[in-house]
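Should a chain be cited, it is by its letter among A, B and C, assigned in written order, with residues numbered from 1 in that chain.
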Amino acid sequence: MRTSARNHFTGQIAAVKAGAVNDEITLRADGGLEIVAIITHGSAASLGLAAGKPAFALVKASSVIVMVDADASKVSTRNVISGTVASVTKGAVNAEVVITAPGGAQVAAIVTNESADRLGLAAGKTAAALFKASSVIIGVDA
Amino acid sequence: MRTSARNHFTGQIAAVKAGAVNDEITLRADGGLEIVAIITHGSAASLGLAAGKPAFALVKASSVIVMVDADASKVSTRNVISGTVASVTKGAVNAEVVITAPGGAQVAAIVTNESADRLGLAAGKTAAALFKASSVIIGVDA
Amino acid sequence: MRTSARNHFTGQIAAVKAGAVNDEITLRADGGLEIVAIITHGSAASLGLAAGKPAFALVKASSVIVMVDADASKVSTRNVISGTVASVTKGAVNAEVVITAPGGAQVAAIVTNESADRLGLAAGKTAAALFKASSVIIGVDA
């Protein structure tokens, strides 16, 4: 399974909370990260998601927000990965920012150049990657 | 109705599954594609969505993921459109990838250049466009 | 709290509608804008969201669609902000479009150049910014 999603976390399902239309899925990724996803109940059922099942999570770089004075308790995003900026690659309008978490996991974000400048993003700076549970895709290998 | 959304599918509502906060809407698009959307129950009610009603679906190119060895049964994205890459247009950071489905429908995706290179995306290559039901906007013309 | 999200609206919570997995939150932003967000019930609970609580809403520019013949009754996006194009900044693939609402609030959108050209977006033109409730992040300062 190869996709364009820059962010790919492998691990196993830790919890499934079912709703009428949407389910909330928690994936415990290798390295200890916990990723929360909101997917339709139909998808969760057809993938056979249940605690302990190996699975992976995909997140597009364009769905990731970068925050520089992160306080996870203050925002609604269920996924907050704190770390250090590894690189900032600028285009004419957008910049790609890669953040490395303490355990070595990397998260790529696409932000506007204006935002990268305003936040003073540069290699070595402390920053966090935020993404909504609704931006996460869950997959299984078999 | 003219919007910046690169992907616009016209058709009619095939099903509405109601929840407390969100509804799941299935649109049967011209050419046979089925598009699944998650929208708030308030929106579905105010648009008067019901089976048989003409409607359209909008999807931003930045919400679309490209997959090169697609197996729709293995990912949670409700929308998987398989086809052939028609074009790849690169910028400094992002590339626009257009995929043509067998029925002629086209889907545009914005991915990072790194992803386009990693997947070897080029005109003629088999690929699929994936997008979450929560990334789909539903509209009606009257 | 400083983030890369180009769109940051401060105000107070006007309403919380609870579901099993997701809650629908309405924020009345300074200047009178009403922003609707879908967040997980777990997030709403941990943030202590209730009517009257000061809060803010974040929206990534890449989650915003631009419409030139806006009719809010015709699309499922809960958030439609009409105004005038303040600027269009083009890159190789994407363009950043800033729309100013009558009250002075500004919304930034990232769209493809192809879309900006097709819609004839230019400073002074009437346009609307649309974004889904599921694209909105809610935060609190304390």
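FYI, a contact is a pair of C-beta atoms (placed from the backbone, for glycine too) under 8 Å apart; a residue touches a chain by one contact, two chains touch by 3 or more.
In this text the structure is predicted, and so the values were computed from the model without any measurement.
Looking at which positions face the partner, subunit B and subunit C present mostly different ones, since fewer than half of the interface numbers are shared.
Remark: rotation between subunit A and subunit B after Cα superposition is 120° (nearest 5). Centre to centre, using the average C-alpha position, subunit B and subunit C are separated by 21 Å. Across the assembly, subunit C contributes residues 19-20, 22, 38, 62, 91-92, 94, 110, 134 that each touch 2 or more other chains. Those residues of subunit B that touch subunit C in the complex are listed here as 1-6, 19-22, 37-40, 42-44, 46-47, 58, 60-62, 89-92, 94-96, 108, 110, 134-135, 137-142. The residues of subunit C lying in touch with subunit B in their complex are 17-20, 22-24, 36, 38, 62-63, 65-69, 71, 73-78, 91-94, 97, 109-112, 114-116, 118-119, 121, 130, 132-134.
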